[in-house]
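Each chain carries a letter (A, B, C, D, E and F) given by its place in the written order, and its residues are counted from 1.
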Amino acid sequence: MSEYKAFRVELADKIAVVTINRPEKVNAMNADFWTEIIDIFRWVDATDEVRAVVLTGEGKHFSSGIDLMLLAQVSSKLGKDVARNALTLRQTILTLQGSFNAVDNCRKPVLAAIQGYCIGGAIDLISACDMRYSTPDAQFSIKEIDMGMAADVGTLQRLPRLIGDGMMRELAYTGRTIDGTEAQTIGLVNRTFADKTALLDGVMEIAREIASKSPVAVRGTKEMIRYMRDHRVDDGLEYIATWNASMLQSEDMRIAMTAHMTKQKPEFAD
Amino acid sequence: MSEYKAFRVELADKIAVVTINRPEKVNAMNADFWTEIIDIFRWVDATDEVRAVVLTGEGKHFSSGIDLMLLAQVSSKLGKDVARNALTLRQTILTLQGSFNAVDNCRKPVLAAIQGYCIGGAIDLISACDMRYSTPDAQFSIKEIDMGMAADVGTLQRLPRLIGDGMMRELAYTGRTIDGTEAQTIGLVNRTFADKTALLDGVMEIAREIASKSPVAVRGTKEMIRYMRDHRVDDGLEYIATWNASMLQSEDMRIAMTAHMTKQKPEFAD
Amino acid sequence: MSEYKAFRVELADKIAVVTINRPEKVNAMNADFWTEIIDIFRWVDATDEVRAVVLTGEGKHFSSGIDLMLLAQVSSKLGKDVARNALTLRQTILTLQGSFNAVDNCRKPVLAAIQGYCIGGAIDLISACDMRYSTPDAQFSIKEIDMGMAADVGTLQRLPRLIGDGMMRELAYTGRTIDGTEAQTIGLVNRTFADKTALLDGVMEIAREIASKSPVAVRGTKEMIRYMRDHRVDDGLEYIATWNASMLQSEDMRIAMTAHMTKQKPEFAD
Amino acid sequence: MSEYKAFRVELADKIAVVTINRPEKVNAMNADFWTEIIDIFRWVDATDEVRAVVLTGEGKHFSSGIDLMLLAQVSSKLGKDVARNALTLRQTILTLQGSFNAVDNCRKPVLAAIQGYCIGGAIDLISACDMRYSTPDAQFSIKEIDMGMAADVGTLQRLPRLIGDGMMRELAYTGRTIDGTEAQTIGLVNRTFADKTALLDGVMEIAREIASKSPVAVRGTKEMIRYMRDHRVDDGLEYIATWNASMLQSEDMRIAMTAHMTKQKPEFAD
Amino acid sequence: MSEYKAFRVELADKIAVVTINRPEKVNAMNADFWTEIIDIFRWVDATDEVRAVVLTGEGKHFSSGIDLMLLAQVSSKLGKDVARNALTLRQTILTLQGSFNAVDNCRKPVLAAIQGYCIGGAIDLISACDMRYSTPDAQFSIKEIDMGMAADVGTLQRLPRLIGDGMMRELAYTGRTIDGTEAQTIGLVNRTFADKTALLDGVMEIAREIASKSPVAVRGTKEMIRYMRDHRVDDGLEYIATWNASMLQSEDMRIAMTAHMTKQKPEFAD
Amino acid sequence: MSEYKAFRVELADKIAVVTINRPEKVNAMNADFWTEIIDIFRWVDATDEVRAVVLTGEGKHFSSGIDLMLLAQVSSKLGKDVARNALTLRQTILTLQGSFNAVDNCRKPVLAAIQGYCIGGAIDLISACDMRYSTPDAQFSIKEIDMGMAADVGTLQRLPRLIGDGMMRELAYTGRTIDGTEAQTIGLVNRTFADKTALLDGVMEIAREIASKSPVAVRGTKEMIRYMRDHRVDDGLEYIATWNASMLQSEDMRIAMTAHMTKQKPEFAD
């Protein structure tokens, strides 16, 4: 666990708390943000002790999205030939996407705790998390439309899997801001908590519950849900059969069964 | 913009209002309807000035679905050989589907404003729109089941992407009528407005909001959401990167950025 | 219609009522259960008179899921070589999946009526049904996580198609119990009924409604919705055109049309 | 059957012979070519009497590909904004692709007879045909690479389904010219005939053989092979079962069976 | 290993030899054939001792395809309603397909040894085998086209994966007979052997070679190749990683490694 | 361009020659090999000057595949719990696959020049290249079957796209060695050259030809062929239209056109 410029990372009770830490810039996503997040989630994946992740923002707001300075920098690198510019832009977008793919592909559950602004790139980010929780007055907006562009680091790609198609289109075409209460109604967040303190407490409790389960079972469960997002039911059934062919030979099942019989709380190895 | 028999089409404030105009027949979809709708949406696509479409029905009802005369005509063309009849029917269905594909594939957002009856083929039609809004007492029914057939011009194909699977099946198997309020609860419509006047006002306002955005951004956003309906997340990410490789070289981004800095309303070319 | 050990099967009014009948074991799914369910649904498919199925549990609870004895038996068959054990386990899982695939692939609609516990394997089972209805105090839990395993007979494969992704993950990672009321809110059940009697009455009424429709139309409708779960919209449109190429040559359409004209209730052959 | 500027179309013995007819321009594909080909194949589809199509080029060469004048025209329409240019170019490409999709989607088999040059756009064209036959000294080249572009009207999309991946890449990266003999070795053409006369005779004979079969059977066969190009084996099996559900009720099967019994040549209706 | 009416089945040296045994009827596929083949391959799958299968025909010919009596019987079951006939036919086709799916899904390699006629349904059958070998004068024909129908039990679905698209279409549209030598040229058979005796000897030798390998490795290899027929490369890479997660913990790898070091022939458990 | 332990890398005439450089170990793939190959291809991708890659082996042989020491190391890391071992093995396989994915995903064409042994992992490697060329006496074998395992770093996933299904299975089940001449017949290599010197000369000449083309055109062409390996024809057509929306605005097209008119050799920027 290294030091980061755009984040603060803490590990306790098998839960990694990853906090975007640029409150003076409304947690805007600068160059450091985009590279450090990859390192952080690589560490999460490689560290057996981490069983769940809570992702949040320091201060009053979750995040205002991509730092406009960064966008300006990208533009400044372009030259005369449209085709070569296109190749450069395409690679830049793929690279930025890679930062949020690191969240999406993380083998441990990632819970987002959202207060205040959650705008533009921040929607792309939370779309890559497993679950989302917020305060009732959190403010969500697919702001990219007001930047004259289609969202390209995950919102338009992942959000249609999370909320209904009709509302998805309205929010994406208009950039309308919704609050946490409406976000819960449309399924964007699972639950709202009264304020930031209650939010963090509530999300940590869910994370601890997850951390108490068999890591083999949680990892398999996440893998399957991820797989089903883009595969057929018959393929999914075959895939879990192949996956569980080894996983059902695990110690954890014996431990779980014994705990069940003896009505005790099971303890699983990392 | 030509004259139409089954529709009335108006263009104002960059919004095309397309009104099904056979109120004396409860806006039933006759032969004119099915061919004219293709011409209308071809015109919408080709006319840069049109930035959004509002689709509605003249009179008390949105539409009672396919004209039964038309169905009877199809039957009357069949001959003795089951196989050749099947080839004819298959082509007829594909042709009818083409009329609503023209709505679905339209490059500008299409907003349906629904009052009164929205039955049978009308559900197929609104399933091909981007968003749906209605009065609370609008009446929706997948009436095809009562015609002894499975819906084949879009309801069974597109509606499962819009509402939950369980309710989808109940409505399709039973043909049960639901009102606008229940339609909102299950995600079929985004919002209800008190009566027809409020409905049209409300939908026009959303359409104007969309029309004020960058046409390049809106078109890219619609293309992506359409794409995600049937593709994988990883394919979607690659596709938007390729798409935005040219679109991020747009004037509109510079205009949007300047407007953002100067806190002025941006003006985008068609 | 044979005698079964784990089930009771009745046929009346064109509706097959399939009741899990081990109330003394909280309707736990034993070896008989897994084989008999295949025979029952083969019979349902082959019996033209059956037009809809109601699936329920005898006694206070729907089902507590897989019988732990059965799980223990599977373990006891394993030998020394991990690879050969894996091949055995993989086949065992595929076989168990086959039992619920029989429900999913049934050509007639299957309505689950759920009271009391619906836990672990019972969630896998109801995920394979067309629609789900429950009492408000029914209790649903993806219990597999507490057995140290990822659910592999359908929950993780089919449930993400039924409820939102965010809530899906929370329930699957934590095993949290939800009641019928919350189940309705997230779309897991279509409706709740005050108590078991009202539930059975209500579900039977929906089933009878379905049974009164054209069997050709119902079967085509189910086939299409099943197909759309895993296919593209354009493929779906082509498939229904091919399907209806023969089905629109049905007597049922003529019967439906005549009934519609004469305002009488149509009577369709099985 | 109308008059065409870029083509000559003849119908005899139930076979439509479609000849590219600009020999003085090496049958280069001009604006007329791209629109007329759509009309021709629409006519082919709609004309029951046509049971097979032979596609060939007037004079010494099959075709030298797209007319460079046309390419220049496309360029001249571009304006200042890269994004709007991109949208225009994208639509232009989709429109050009539509011309060859008309060949690919034609419900009757299309046999290409190729002599002399078959270059650039001509490869895109023959890739959309069912079968290809040539003289031994025909010359094939994926010339787009030498125009500074990736082939976008079908070669790179359809040819990888016709020839091996390794040779596909060599020919596409280098633009190397191969003759008819090598084309046969790699599977691009089915057979070579000594000279243009023998080629036309040979291809007509194959076309006549096809025209003598049941049109219902030929159409189903083509539909299935087209379907399998992009679908799974299990989906293909289900699709043919649905297709043949009506087609096996055809008169043609009875006619074929009777002919088989009586050892006579069957005669099928168009 | 039971007695069969349409087959003779022998097991020796870990190889099951399955012989179609109706030489007096040119091994035409009657009702017994279609049901017994399922039982046989179920036995093959369940019998660890069987490591490879050789499929051949008694007498001068491999098989003349489906028994016309059977086709006639299917027709005789049809009634008046086209739709209900279609449902019946669809189920019949799916059932017949199931017989060859049993071959395709068999977990052990199946080698077809083909002499004489291999016509109609026999092409469907060998398309479901792993490899095909023949005499030079064997005769192959997609005869369904001459029965007035599109082949629906596997030829049109599986053969396009085995031979080039261009030749596939020619053979399917014309029903042209090709001999073993041409079949080898187009990749339909792997190799030809001078006569029936040499053929059986040669195929048995290949089968014995396969039977000497690790059953775990052969089964995984077959599973992967089957999987790749219908899945993406990235999915395939992930699937084999999941599969080998257990299989690389096998005894067989240690045995193979030791044999490799000591230059001895390895002996693997069934 | 750094120094490597397992490779020698040279750049001249815009072609990178990548030579596996452990001739004393028959170019077996050790730990250095698997990590360095990723760095090399990252450098290839990032270096505009490189327009094509030639991949070859130092000494008499191309490569004998994975170093058995490496396999042994993997085994030594495993612990007691089968499930946790499985998770470790799965990640190890995914990591090794990543090394060859770097070759497959390289944006410049990669040409393999193969002499002597090309065995086991070496087949996985060349399956990830664009084209393969060899001497007539090169020796190819899918050796994994003799190690008691299914090939998991690319052979079973990519080779079925390169050679026919029937021969694929024979070679994978038996591990039979084929020489360069047979490899050409089945499409595994594009061409054979008499000996190693002629091979390198010949492959370099093809590489130089590719390097003389527009890099924008070559990159688009490779992207499209890669895309078509796993996507539908209609998706491919839409993707190239989106891709070329920017690429057809390239300078290279103007340069190519001018060169074509003036009959001069075009010079394209990197």
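The working rule: a contact is a pair of C-beta atoms (placed from the backbone, for glycine too) under 8 Å apart; a residue touches a chain by one contact, two chains touch by 3 or more.
Chain identities (UniProt): A, B, C, D, E, F = Enoyl-CoA hydratase.
Nothing here was measured: the structure is a model prediction, and the numbers come from that model.
Trainee: Comparing the two chain pairs, does A-B have more C-beta contacts than C-D, or is it the other way round?
Mentor: Per the contact counts, A-B leads.
Trainee: Check the residue numbers that chain D and chain E use where they touch, and answer same if over half are used by both copies, otherwise different.
Mentor: Chain D and chain E contact each other through largely non-matching residue numbers.
Trainee: Could you grab the centroid distance between chain C and chain F? Build each centroid from C-alpha atoms only and quote it in angstrom.
Mentor: From the centre of chain C to the centre of chain F is 48 Å.
Trainee: Whole-Å distance, chain E centre to chain F centre, using C-alpha means?
Mentor: 33
Trainee: Just the number, please: Cα centre separation of chain C and chain E in whole Å.
Mentor: So the centre of chain C lies 35 Å away from the centre of chain E.
Trainee: When you check chain D against every other chain, which residues touch at least two of them?
Mentor: Those would be 82, 85-87, 161, 216, 229, 234, 242-243, 245-247, 249-250, 252.
Trainee: Quick one: which bits of chain B touch chain D in the complex? Just the residue numbers, please.
Mentor: 80-87, 216, 219, 246-252, 269
Trainee: Could you please specify the touching residues of chain E with respect to chain F in the complex?
Mentor: Touching chain F: residues 109, 130-132, 161-163, 187-190, 206, 209-210, 213-214, 216-218, 220-225, 228-229, 232-234, 236-238, 240-250, 252-257, 260, 266, 268 of chain E.
Trainee: Report the residues of chain F in contact with chain E in the complex, numbered from low to high.
Mentor: For this pair, the touching residues of chain F are 68, 71-72, 74-75, 78, 82, 85-87, 89-90, 93-94, 97, 101, 104, 144-152, 154, 156-158, 160-161, 164-170, 172-176, 229-230.
Trainee: Taking the touch rule as given, give the residues of chain D at its contact with chain C in the complex, in rising order.
Mentor: Touching chain C from chain D are residues 231, 235, 239, 242-243, 245-246, 249.
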